[in-house]
């Protein structure tokens, strides 16, 4: 998974509110190149909202999201996708009427070539690209362990498989920054282990920001953890520091778990 | 190599025993009540066939529904974009008609006259008062039947000037040729109509049921104190306009174009008292043609499905304007054909016959064509709609006011000719 | 063969299209003049259905307004023909396509912001407005009488191919049919390419899940607009061909009813497929044969009240039954049968 | 008590369940575990009448198979489906009201008890469910099932997306309800470790068949199963 | 001059109200069907007309107007219920566009049936109230006892429907059944019955509208065609989720149309729906009165 791009991310002083509800208040954190960062916190803390701000789905009321390499701010989601930011969604978020294989191919939409003209005239570039994509997507499905579902429609596959397909789709973009929103929910313990290995490998070639409620899974995997509660950063640091932080224990992890 | 001449090529639609003619007409949709016109043509042909045909040939009459050329769900679709064209193509290429007889509707027939001309098919007695049928130079095979809306307008204008001098006149007209030509006729007849009263509505109102603009038009006319209002509308809309005016207690003298005045189609008591131009002396004048038509209908086995109202409707046994209109076209075509003899039935022959015949029709005005005039009737008789007290009669009927009036042309300088009521006798072979 | 098909898909599509075209033109020599005319009408309407199928089946945007774009193409052709009687018809076709597409762009500005029933409402309003607008702009459109142009006139060399008593009628019916078939073949070829291109996939992504599509790098606004533009261009082309076939354009022709008819034909044939569009066109052409068949079988007098209205019933029942028995249209039913046979 | 006997479900060529039999006793939590695609969701869907199945499912001698879903629900079977099943276009409180249709307890009282359990929901009661975060939606689904005071509770991966603390608390509540209100719970979980901890009995599904069944303590101790499902090297 | 303008404005406002309320009533029936089954019913107009013919035709045979009205509405409800059971029920879960096409087919069938049973001959349906407009000075104010009756009916039906959907458990269940049938079933909602009820209710309201449209007018199969399109547009502008929105949009279309007619041109009048739509949707694409529910991610 060689990527020619490298992206770091810095979230600076971001606030988002919906009417009277403060989803994020002056949140700042960053993700360095090839770093794996965990973003954790109770339900409704603002994790997904932070992702939405980073991806350009939401404009924060204050603050900015910077990708120092790109040197541009306020990009729209599709522009970010082309710049190398890929993301999985908290739910399933697959394309209902596309087969699993096509779903994975769709991940490469931002980098495959050919506009309207190429498409209309069916120029060779378009055909060749399609064939290569198909092979690459099949390999990707193999890699996440969902190969046998390639021909199925998303509605007919088990939840755990759907989550894997979603990750495969994100990887097809050959991202430089990967945002994963609860990618491991619905996986059993054995699969969690395999999945953790996958992410560690990815971390060597891209930056990863990971939201997950399963601490046994997150803590050993990430380099750094940021903890949100009620829209504010209440702690940040190494997994070890954070998991012994009093505030975090009280707000999220619970004592004695 | 295309199109050859001489007797070697058989005339389409003509065999030793039959002549096939066709028509595109509305059998369903908003103008479906005009279906009676072509049904009456068919009744005449049936009668003639039952009595040995014309010079030994039976007439096969193929009517195709074109929904008044309005694209409706399930209405004929297929070629090009208009139902009428589709059906006409079927008639020309598959039915292989000799000619069209009695096709109906201005917009409908407008959309196919080129096609018929290109394929050299005579198009006879088009049912509509448009002047489009009168273009002999460009369309030598095309013949109208009705008086032009312009001619009608001129005659109506004459009545208004004579009987309502100094009246404020308003017009509500369909927003197409029908309305425009009608208005042109009124102006050519010397009427003054204030611009704001030249009101139009969309012909599609009849399809969409959107009548708000008519109410608006009436409001304006009323506030302008119009005392005479001329309507160029099809029957359902005439009925609607009368009711809408009644709602605002607006009761001018109504003057209604022939196309939209037939009392049994309008079916509204408010129509009593209106003035109209009626080409036929129906039904109060004792007229041989009426007796004849009743006999034909009684003898025809199909007529029960064709004229449900005549047999069981509220006006049973009443001949309405459409039926007489159709019967007279049927008779006229038979007359033209009759004159050709057994061997003269060619397309060129029928066209010549059209121009040389002085047709016998129930109308009081002459029906004749010439090299330069293909319009048809040139006028009609003024009539007043009255309420009948006789329960055996239709509740309303058109009563002739006097003489037949006609003109030789549409423009202002062609005078109106008035002549005594005089009905030509029914030709012997039709009796 | 199949590997060739995979290696050079667009060349394969080109060959397939040409083969089909040759076949269809050959067929037009065999068929009766009436069938030729029906073939022409069916081919023309299938171009429009294909464009609609692309919009609805691929990009997921329901439009009830495509008859409006047809009207634009039709009027452009008529106005152009009235001013440039001698220019080759190719220009009419191209011009109508381009202006159709541009008008699609204009409608897309508000339309692409809308979803589901709201989009349906907006496009419905557009097609409802076409007739009154055409009636109102007499200067351009000739008002209610419409505009008349010369037919596709049959060239002498083509007429020379025919002889016998029917020569005139046959040549006059077949020439437009063959021209239309060529135009339709071009339109189908381009759409076949689009279906299998990256742009085609972008449409399906937008249709299924807008958020995920954006995350995959699809510019939503652009994709939805492009869908409209292409669909409108196809409708414009179809309207242009219709005008060349019928020699006239009137405001009543392209109203709401036609938009609805297009939608039903598309669904009947099979949404989002090439063959579905062809089937839709054929159904359009031959629906009255079906009605007369029913007339004959049931023995109902076609000129009686019931007989005259029978087509509404037959067409309606046909629509209902197809949706009940073959919810994916006739193409879907065909695929199902093939699968069943294989089992 | 729910008694499943000889249950089979097929989707076209896929046989999702094959001859599954087990019992879920009243007042106990029975957990169903198994790998992705083992058929766990399908099992719960057949109990609710959402999947067409063959065999027999009895709730206290009453045959559920063949009954309409709404009738099963009206017998007191509450189902928290996979993917949460909150109705996004209704408000939080409207969603909860839908849960109380058959209940005789006054609405205000039922609401209060759920708001006490899930305070996050009370703050958002007038908001559309669409605006909730993933975990908040899961809470809503749980609350809506519990508010009906069901006699049978079918939970399809309830911990999905919930913060660890909330999961633990919810499980505690359910365990309490089991004991105090003789609730029958069938719990489907990926997180087998925690599921086995609170369940009395466990059923292990493998490729649509019952691979093992018994008291959860025993299942948790079985070395083979441990290796396979708990990812623990033996 | 001032008073002339004032009376002209009065005329327009009342005229607009008269058309607008009927548009609103039909829009309301569309909203009901949308809220209770998420189907866009293109045959709504024809269904209402069919029921109207069944009942109101008896007026010509001497039956009292109100009995006929009741009969029409009951027929409409039965027709709606039957349609749902026979035509719509088998289509749940099929592509969204299928019920639309089926209802278009049904529209064709119904119109043909009406046309062949009652022929196309026209008769005026007399009104139970005076339809004569009031006069103010020399000008006609487009309001009559019948128009007042019409406005009252619309107000009553609107409040009834709004109460049903917003305040009652039945309404909540209906909405839930339409939004998510499977989840609703899991909660014990009798989805099937509610869908049938929704169709019955909607067609009943649609029939009421059709009777009002046809009263004092020719009873013709096409009476609802144009006004149905306006109603459809009104429903889309107002937001299919909101009965109040439908009413406001419907009345606005009526008013705009009336003003266009008076101050501009009759042939532009059919565009009034478009004008209201473009303005309305430009302000809020998801319908003027739909509350923002969506959260995209």
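Going in written order, the chains are labelled A, B, C, D and E, and every chain counts its residues from 1.
Just so it is clear, a contact is a pair of C-beta atoms (placed from the backbone, for glycine too) under 8 Å apart; a residue touches a chain by one contact, two chains touch by 3 or more.
These numbers were taken from a predicted model, which means no experiment stands behind them.
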Point to revise | Smallest count of steps, each to a touching chain, taking subunit A to subunit C | key: 1
**Study point:** Selected interface, D-E versus C-E, where C-beta contact pairs are more numerous
**Key:** C-E
Check your understanding: When the centre of a chain is set as the mean of its C-alpha atoms, what distance in Å lies between subunit B and subunit E?
Key -> 38
**Study point:** subunit A and subunit E: spacing of chain centres that average the CA atoms, whole Å
**Key:** 48
Exercise for review: Give, as an integer number of Å, the spacing between the C-alpha centres of subunit D and subunit B.
Suggested key: 76
Review point. Multi-chain contacts in subunit C: which residues touch at least two other chains?
Key: 131-132, 135, 211, 260, 264, 305, 308-309, 311-313, 315-316
**Study point:** Residue numbers of subunit E (touch at least two other chains)
**Key:** 104, 107-108, 111-112, 115, 119-120, 229, 267, 269-270, 296-297
Check your understanding: Which subunit A residues touch at least two other chains?
Key -> 48, 55, 57, 89-90
Exercise for review: Show which residues of subunit C lie in contact with subunit E when the two form their complex.
Suggested key: 56, 62, 110, 113-115, 117-118, 120-122, 124-126, 128-129, 131-133, 135-136, 210-211, 256, 260, 263-264, 267-268, 271, 305-306, 308-313, 315-320, 323-324, 327-328
Point to revise | Complex interface listing, subunit C residues touching subunit A | key: 6-10, 13-14, 190, 192-194, 196-202, 204-205, 207-209, 211-220, 226
Study note, to complete from the structure: Seen from subunit E, its contact residues with subunit C in the complex are 34, 40, 42, 87, 90-91, 94-95, 97-102, 104-113, 115-116, 119-120, 229, 232-233, 235-237, 240, 265, 267-271, 273-274, 277-278, 281-282, 285-287, 296-297
Exercise for review: Show which residues of subunit D lie in contact with subunit E when the two form their complex.
Suggested key: 48, 50, 68-70, 73-74, 78-79, 81, 85-90, 94, 97-99, 101-102, 128, 130-131, 144, 148
Revision key, fill the gap. The answer for subunit E against subunit D in the complex is residues 169, 172-173, 175-176, 179-180, 182-191, 241, 291, 293-295
